[in-house]
Structure formats: structure tokens, C-alpha cells
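First chain A sits with chain B, and in the next complex the same chain sits with chain C.
Now for the complex of A and B:
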């Protein structure tokens, strides 16, 4: 039970300044990245007209998201397609990682979910500036009346907080429930149903929700 | 584990690196394969549609020719029937005329023979009657 509050960290000194890094989170992220790169290589190494199972899975994913992003963003779709799909697969595989013994979800760390939320926020706002221009972009914060400016800014910042904490809370909550249940049954019985529910079902749903919300934020931001 | 630290920056680098790698290794090659397949499928679909249209035209042409042949066959059959009917009529009429002529000839011959037979009979009857009368009278008549 104490495992849930323990964070293994690396403390390194960079330019005379102490830097703290969450070791498990980074290691698990690299595992996810290695797995995804391995999948990418396996799916595209020998492209065939009649695809094998790995190529078919890759094609299904790429084609499904390409259509989804293009339907949402129209002609701007291809520009954001790789970002949205990368976001989805990274969070998806990160969430699934907890189902494998001795591995943990990188999305259980707020650093991961927060930076993904911030990246989505930055992309959406940069896109808005590119689509509308600075004047129109800034003017929308003063709508419908001037005094709404602080509320509009808070509303935008709240998006980052909500999207990041939603993912973090779901994955962390699932891990805590699995740990508590495992502890209660004295580890005699593995709770595979809980693992499957939180890891697979909630993990998939949350990854999709995160990607779709980011896509929606971009879509709203670039609308004239 | 709400402990925001420099891990955030490393995770940013990790994500950007992953996005770059996936774009190079997975998304672009996959999109290329999908586009190629779509082009190939589209080309084959168009070729199939073209062949389908050609087949339709050939079928329509065939149907038209079949229809024309049927009409022609009907016309020839009707013509043949009409001519055969006329021929039959002519043959029947000729046969009837021939039969009539034969009957008339036969009738004339029978009448002639009957007349001859009657003359012979009359002559024989006279001779017989003369003979009987001579015998009864006992003298020459």
C-alpha cells in the first residue's frame, strides 16, 4: 500500500542546479515509446497490398484518425493529424501499460498529463493566431463585453487543468482501487477484471477523450 | 504523486520525439500505402466501370440485333406461309380442274360405251325376235 505514495526519483545537477526527475515515469515513457516505434517498424517494414495483422491494425488506426481529423478540421486536418494521433497512441499505450506486471502507467504522473495538456493548449492557441491574426485572436477574449476578459482567460486556462487532471485522476484512481483491492484480498487473488476494466476500458476511453478534446479545442480555436 | 518537477520538460521532449518518430516511421508510410491502394482501387474501379459500360453497350447491341433478327424471321416466315398458301391453293385448283376434266372424259366415254352397248343390244334383240318369229310362224319373216 505504501507503494502508491512512493516516487522513485533521480536527482541530477545541471549547471550547478539540482534537477529532480521521476525515474519510473520516464522509464515507463521510454518503454511506451520503444513499443510504439517497434510497432511502427513492424507495421510498415514490408508494406503489402493485402496487409498482415500488424499492418492492418496500423492502417485501421491511421485511416480512422485521418478521417476523424479531416472531418473535424476540414482542409486543415492533415496539418494536425500526426499530432492528434501521436497524442492518442501515446496515452493509450501508457494507460495499457499498467496491465503488464511490474510496469506502471506514465499517465499516473501529473507531469505527463499536464505537459500533454499544455502542448494541446499551445497548439490550439498558436493555430488560432495563425488562422485569425493577432487582433481577432485577442479580441475574442473581450467578448461579449470588456469585463469578461479575466473570465475568458481563466476559462482557457481551466481547459488545460481539466483535461490534464481528468486523465491523471482516472488512471491514478484506477491504480489506487486495484492496489486497495489487491491488498484487501492479501494478494491471494489477482483482480484481473479490475485490471482489464481500468487498464483497457477506462484507459482506452480516456485516451480517446483526451485526443478528441484536444482536437475540439483546436477546431474551436481555428474557426473564423 | 502530485509533484510537478523537471520531468515535465523531459516528457515534452519525449512526446515531441515520439511524434517525430511516429510521423516518419508509421503515419507517412501508412498514408502513402493507403493513398496508393486508393489510387489503385480507384483506377481498377474506373476500368471496371468502363468495361461494364462496354459490356452494357455490347449487350444492348446484341439485344437490338436479336430483336431485328426476330422481326426479320417473322417477316420471312409470314412470307413463306403466304407463298406456300398461294402455292397450295394453286395446286388444289389445278388438281380440281384435272379431276373435273378426267371425270368429264370418263363420263363421255361411259356414255359412248353405253350407247354402243345399247345399239348392240338392240341389234341382238331384233335378231333374236326375228328368229323367234320365224320359228313360231314356220316361215321366213
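Now for the complex of A and C:
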């Protein structure tokens, strides 16, 4: 039960400043990225007319998401498709990683989810400026009246907070429930079921929701 | 019977109590909201089964959004338990 609050950290000194790195999160992110690169290589390096299981899975994923992104964004779809898909796949594999013993989800750390949310925020706003120009972009903050400016800014910032806290809270809450209930039943029978529910089901839903919400923020930002 | 309760113990007790209350009340809203969304999606699928895919997708995103207040309550509860 003590390992809920335990965070393994590396403190390194760079140019006179001490920098704290969350060792587990970093290592696990690299594990996720290595797994994804391995999957991509296995799916695309030896293409065949009759695809094997790995190539078929990759094609299914890419085609399904391309239709989804093109439905939402229209002709701007191809530009953002790879960003949304990589966001989805990274979070999906991160959430699934907790099901493997001795591995932890990188998304259990607020730092990971917050930076993913900030990346989506920056992409949405940069594409808004590119689609509408500076003048129209700044003018939308003064809608419907001038007084509403602070509220609009807070509304935009709240999107980042809500999207990243949602992912973090779901994964962290799930792993705490798994720990507590597994302890209550003395590690008998129930833990794999809980792992499957929180890791597989909730993890998939949350990865999909994160990608969809980022897509929605982008599509709201580029419209009009 | 004599109790030796100091200030830190009181703060700890209040924090744990607050965590329970925050989680309990915070879970009411998302529970009602998500159930409502699922019920409406069921009605929609029953009426138009050919749109089941789109309806399920929209329902999941909508439920995730309405869940955020519950998640805020969870974060507050975690802060109260582990930080205070």
C-alpha cells in the first residue's frame, strides 16, 4: 500500500541548477515509444498484398482514424491526421502498459498528461492563427462584448486543465482502486479482472476521448 | 478515558473527512449526467440502429466531458489525503 505515494526521482545538476526527473515516467515513456516504433516497423517494413496480422492491424487503425479526422476537419484533415493518431496511439499504449507487471503507466504522472494537453492547446491556437489571421483570431476573444475578454481567456486555459486532469485522474484513480481492492482481497482472483477493466476498457476510452477532444478543439479553432 | 488530540491530528481528521465528502458529493453530478447521456444514446440507437457507431462515439466523448467535475473531486480528495 505504501507504493501509492512513492515517486522515484533523479536529481541532476545542469549548469548550476538542480533538475528533478521522474525516473519511472521517463523510462516508461521510452518503453512506450520503443514499442510503437517496433510496431510501426513491423507493420510497414515488409508490405504485402495480402497483409499479415500486424500489417492488417496497422491499416485498420490508420484507415479508421483517417475517416474520423476527415469527417471532422474536412479538407484540413490530412494536415492534422498524423498528430491526432500519434496522440491516440501514445496514450493508448501508455494506458495499457499498466497491465504488464513491473511496468507503470506514464500517464499516471500529471507531468505527462499536462504536456500532452499543452501540445494540443498550442497546435489548436497556431492553426487558428494560420486559418484566420491575427486580427480575426484576437477579435474572437472580445466576443460578444469587450468585457468578456478575461472570461474567454480563462475558458481557453480551462480546456488544457480539464483535458489533462481528466486523463490523469482516470488513470491515477484506477490504479489506486486496483491497489486498494487487491489489498482487501489478499491478491486473490480479483486483481486481473480489475486490471483488465481499468487498463483495457477505461484506458481505451480515455485515449479515444483525449484524441477526440483535441480534434474538436482544433476544429472549433479553425472554423469561421 | 483521556484523549490526547493535538492540532495536527485534528487537521488530518478534517482532511480525511473532507476527502470523503468531496468525493461523495462530486460523484453525484457525473453519475446522473452520464446515465442520462447513455439513456438518450440508447433511445437514439433504438430509433436509428444504422447510426449506432456515430452515436456511441458522441456519447463517449460527451460522457467524458461531463465526467470532469467528478475527476476534479477525485483530484481534490487525493490532495487532501496525500498532501495535507
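Here is the rule we go by: the second predicted complex is superposed on the first by the 221 of 224 C-alpha atoms of A that agree within 3 Å, B and C clash if a C-alpha of one lies under 4 Å from a C-alpha of the other, contacts with A are read in each partner's own complex, and residues count from 1 in each chain.
Keep in mind that, in the parts below, contacts are C-beta pairs under 8 Å (C-beta built on N, C-alpha and C of every residue); 3 or more make two chains touch, one makes a residue touch a chain.
Computed from a predicted model, the values in this text were never measured in an experiment.
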Under the stated touch criterion, which partner chain does A:56 make contact with: chain B (first), chain C (second), both, or neither? neither
Across chain A, the partner (chain B or chain C) reaching more residues is B
Determine, under the contact definition given at the top, whether A:172 touches first (chain B), second (chain C), both, or neither. both
Kindly classify A:41 by the partners it touches after superposition: chain B alone (first), chain C alone (second), both, or neither? first
Of the partners chain B and chain C, which touch A:82 in the superposed model: first, second, both, neither? first
Thinking of the overlay built on chain A, is A:220 touched by chain B (first), by chain C (second), by both, or by neither? neither
A:154 in the overlay: touching chain B, chain C, both, or neither? Say first, second, both or neither. neither
Should A:162 be classified as contacting the first partner (chain B), the second (chain C), both, or neither? second
Output the chain A positions appearing in both contact lists, the one against chain B and the one against chain C. 4-5, 172
As the complex stands, chain C meets chain A at residues 57, 60-61, 64-65, 67-68, 71-72, 74-75, 78, 82
Residues of chain B touching chain A in their complex? 1-12, 14-15, 17-19, 21-23, 25-27, 29-31, 33-34, 37, 40
Residues on chain A engaged by chain B in the complex (per definition of touch): 4-5, 7, 19-22, 25-26, 29-30, 32-33, 36-37, 39-41, 43-44, 47, 49, 55, 58-59, 62-63, 66, 81-83, 85-87, 89-90, 106, 108-112, 114-116, 118-119, 172
How about chain A: which of its residues touch chain C in the complex? 4-5, 162, 165-166, 168-170, 172-173, 176, 205-206, 208-209, 212-213, 216
